[in-house]
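Consider the two complexes below, in which chain A is the common component and chain B and chain C are the respective partners.
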Partner chain A sequence: MTDAAAVADVGRQDHGDLTGDARVWPVAAQLARRSIVLITRLPSAFIPSVVFPLFLVIAFSGSFDGLSRVAFDNAMSWYAPLAVIQGCAFVGVGAGFAASREIESGFYDRLLLAPTPAVSLLAGPALATALRSIVPFTIVIVVALIGGAATPGGPLALATVFVAGLGTALVHTFWCLGLAYRFKSQRAAPVMQIGVFLTNFLATAQVPLGLMTGWLHTVARFNPMTNVFRLGRAGWIGEVTWGDCWGGLLALAVFIALSFWFARRGLTKMVP
Partner chain B sequence: MAAVAADATGVAGADARAQRATRGLRSAMAQVGALSGRSVRNIWRQPQVWIPSIAFPLMFAALNTAALGRVPGQIADQSGGTFHPFGPRDVYLDFLFVATLTQGVLFGGLSGGSELAQDIESGFFDRLVTTPVRRASILVGRLAGSAVLGGVQALVFMAVFLAFGARVQGGLAGAVVLPLAAMLLALTIGGLACAMAIRTGSVEAVQGVFPLIFITLFISSAFFPTALMTGWYRTVATHNPLSTMINGMRHQVLVGFDLAEAAKAVLVPGGLATLAIVLCLVSLRARLAQR
Partner chain C sequence: MGDLPIEASGLVRRFGDFVAVDRVDLAVRSGEVFGFLGPNGAGKSTTVRMLTTLLTPTEGTARVAGYDVVREASKVRRAIGVALQDAAIDPLMTGNELLRLQAALQGIPRSAAARRGAELLERVGLTAAGDKRVGAYSGGMRRRLDLALALLHEPRVLFLDEPTTGLDPSSRLNLWEEVRYLNSELGTTVLLTTQYLEEADQLAERIAIIDGGRIVREGRSGDLKAEVGSPTLRIELADGDGVAAQAEAALAPFGEARPCEAGFVAVGLSGGAARMAEVVRALDEVGVTVAGMELHNPTLDDVFADATGRRLEGAAEDTGPDEAGPGTMGSDGSDGRGSGAGAGPGGDGAGPGAGVGGSAAAVSAGRRRGRR
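Right, the complex of A and B next:
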């Protein structure tokens, strides 16, 4: 059975006895399963989201180790959450790439024609992103801890960075799906990638706010990603406090809602 | 009598050989000129090739300067004014100048290889090798395009950094070293990319070199002084040939003109460029032997 037929089949089986909303999840689970299987079938599409954060944590903590004299105590502790968040963001971008590829190849047309709720086409990639995000998270954390990262906040530090990474991954998944639905081409790929770099590096990705000067300080101060990085670093740079977490949680909730709306509107316009 | 005739024949033969050699050299120069011109025009006509290799490094420079601008002064203050790893002026913009230049040239240098791979994919390369054009001219033409782009990038970066307050302490002599090193570095990367293009015939494979270049650049003294690094990372960055070249170029900017440092800045990419060109020629010979 082809992937599209499997998705349609799940839709048909559930059609008689489930409400529209309840049918979303079996289809989403099928789409997520397919996305996970694609990791082995098309590793070149997934490898960057593993290699890039790994490189980021090693290169940044190695190159900017000297900043521990003026900005923070432990470079690895500062850059590990960045690498997790960036890696998870790229997992979300990967979902956008996959959608663009499938729109170009015509596979998405078959999904749209299947008797399934349209929102499952958003829930499926979101579920897959959540599962795929575990990979960069685990790899970066293991490397960071081996490399000397400290977690003054204890095990809670792992929870804060995972929540920040997962939230960022979902934001970028919906944002990139929205772009894919509008561009309907893989030419959207650079726009998707640039989004990650701009939102992250115009925040406190590289150095703390106190070290920045001029325009970057102003932009980073108002960039909601600064709050997300504060959430991700809670427990890595000092203890976990509610004051460090609520801003990031709020920013992620708002951005997930907005990017979901963006993707939903794009999908609605695409449905024949 | 016979000896005189033999001498005359010998002289006539030598003249003929000299004339043939001159004609051959002129012909080779004309071919290199035509193919170099085509390569440069190709790059110029595709702004999507050269604009990112100038715009992105400048964007990152703006970001890094705003993020790390205070660091040199703070580190100098901590040491009581005795430790200046970012140069005597403690200005991060000056320190970053050579890094930005190197970053732009490394990324732009790939364009020559990508163009060659495109020629192979489109069949233009096969048509070219069936003509009586010298094989080496095909490569020299491509590499000349990369070198010209590298030189132009160096001049653009220099103009932008000087406009924003950077200073080249080495004066005119120091300033000349920078585009020269940039052109040689572009030749190195262009050569490696061309060798990859000839071996694989794939644009995608050439673009696949990009992450390797990125890693080589990052694990060097480009963005932060090796004196502030620790452990294995410092060891690798210190012994990275790119660091030797960057430090040589940086000396001209931060301290002043120094012949030994200038030699490092030029000889390292020069040596690497020679190796890359040899690799290119070997790859070309292997590809033609398969035909």
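Right, the complex of A and C next:
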């Protein structure tokens, strides 16, 4: 039998109906699994989201230690949540980079050709982002605690910063996927990164609101990321209070919803 | 689905001011291998992308497997298998991982997917390479994996977008065999795009020739060639283009001029091989020295030239299968899957050999492969 005949023979066997309805979660799980596996096969694409926040927490807490006397009690406690949130944001950006790369290479066509709900193509990267975010979170927190960070809020401090990081990662995942679907190439990459820097550094990323002046103070005051940083630092700078948390939770919920809509609209514009 | 698994009417796709596909009508019958032949940039892939729901038509309608490609895109996707030109496979993943992903994307239950995937990998000769990263695969292995992925859910309609571009002759032959059997044994309807004349001639029952976004000819290969009529006599001029005008004038009584490359003249020779000696004498009389001549029956390249005034781009690369001979997939670096495919199938040139000796011309004629 030739190979071709053998291929045909496969088709003659009774496999039942192989054309089912692809459900959201099995597809999302496979996509997430693939994303995690690819960390080991293309580490260069993931390393920045670990190295950058580590650099951030070590460099900033060293450089701005003097601020401890006027702004906060412990520089490491102030900058560790920033590093986690920043690292998680870059995990989300990484999902956008990957989508851009795969759209350009043609691999994404395979996903778009599947009879699966569009939401599964968003849920997969989101699930992967959630899992990948654990890496920068864990590394930064361990380094920060070793470096002398204090958590007056106790174990709840870990929860607040994780929620802030995870939420930020999801926002950037959906935002960057939306950009990837619109640009359809890696030209989207700079725009994806700018989003992280603009939102973070025009908020209370480096210093408390009270130390800011002029336009930066005004922008940071109204920037929703200020609330997210407040959420992330709850338990690290003082106790965990509802007052410190609700604004960040609300901002994340709104931005996750908006960025999801942005991504979904981009995806449905790409294919009918 | 009726008798037309692929139907398109007035299909148009514009990118800004550029019209990539211009009022394309298609009617592919059930169980047919339909060839979509044209040069790079002709609109083949854009048409396929519209038919496979990857691109929304600017105008017109299309139905695949009985479903509208815009309004019922998800149903279309469920019914079709697609192997795209760029072999959309991630080089960082293994063959088995891609099969698992494809199964999930198609909603195939895990147990059925594992069995079906293993069988397909075995049949395309990639079992041993199943756990290797695709980046380590040869071009032929990638195409075979792509084909296996496209077949995983047993589609009724299969789209193959330039499936053999970049493959060595042996791998190309093997893929042709697979397409033939899929069609003949399973009754799968296949729409195949290609820029290779030979591929269209060998595989497709009917062919549409597309150029500049428009279908310029459509029909059975034999019928299309018959429409061209007289065989083409192609003459290489010893003195190059400088005497082309004289040569064309001398050839005018023998038939209509046909397009050809610089340094040559070509004519549709009414009366066929019997008149070749007359041609040589006529050229000799006007002082044109002939470096070579060849006469061939109409080919798909002639059909293309007749329709567009140009030769088909890439046709010169189409030397493949005749050079292949019997063999295996080994030449692409694969795991040595035996092909069993025999010597290269006949070309589209099957012309009557005709040679004229003489001092004025070194003449070669006969079987002709595709050329520019």
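The rule is simple: the second predicted complex is superposed on the first by the 249 of 272 C-alpha atoms of A that agree within 3 Å, B and C clash if a C-alpha of one lies under 4 Å from a C-alpha of the other, contacts with A are read in each partner's own complex, and residues count from 1 in each chain.
Everything below uses one rule, namely that a contact is a pair of C-beta atoms (placed from the backbone, for glycine too) under 8 Å apart; a residue touches a chain by one contact, two chains touch by 3 or more.
Note that the coordinates shown come from a computational prediction; the quantities given were computed from them, not determined experimentally.
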{"item": "Touching partner for A:Met212 - first (chain B), second (chain C), both, neither", "value": "first"}
{"item": "First (chain B), second (chain C), both or neither touched by A:Glu102", "value": "second"}
{"item": "First, second, both or neither for A:Phe201, with chain B first and chain C second", "value": "first"}
{"item": "Which superposed partner A:Leu54 touches (first chain B, second chain C, both, neither)", "value": "neither"}
{"item": "Greater chain A contact set [chain C / chain B]", "value": "C"}
{"item": "Which of chain B and chain C A:Leu112 touches, first, second, both or neither", "value": "second"}
{"item": "Partner chain in contact with A:Ser63 - chain B first, chain C second, else both or neither", "value": "first"}
{"item": "Contact footprint of chain A on chain C as seen in their complex", "value": "52-56, 69-71, 73-75, 77-80, 82, 84-90, 92-93, 97, 100-102, 104-109, 112, 115-116, 119-120, 122-125, 133, 147, 149, 151-155, 174, 177-182, 184-186, 188, 337-341"}
{"item": "Chain A contact footprint on chain B (complex, rising order)", "value": "63-64, 66-71, 74-75, 78, 85, 211, 214-215, 218-219, 223-225, 227-231, 233-234, 237"}
{"item": "Interfacial residue positions of chain A with respect to chain C in the complex", "value": "2-13, 15-16, 18-23, 26-27, 29-31, 34, 37-38, 41-42, 102, 105-116, 271-272"}
{"item": "Residue ranges of chain A in contact with chain B within the complex", "value": "51, 55, 58-59, 62-67, 69-71, 201-202, 206-207, 211-217"}
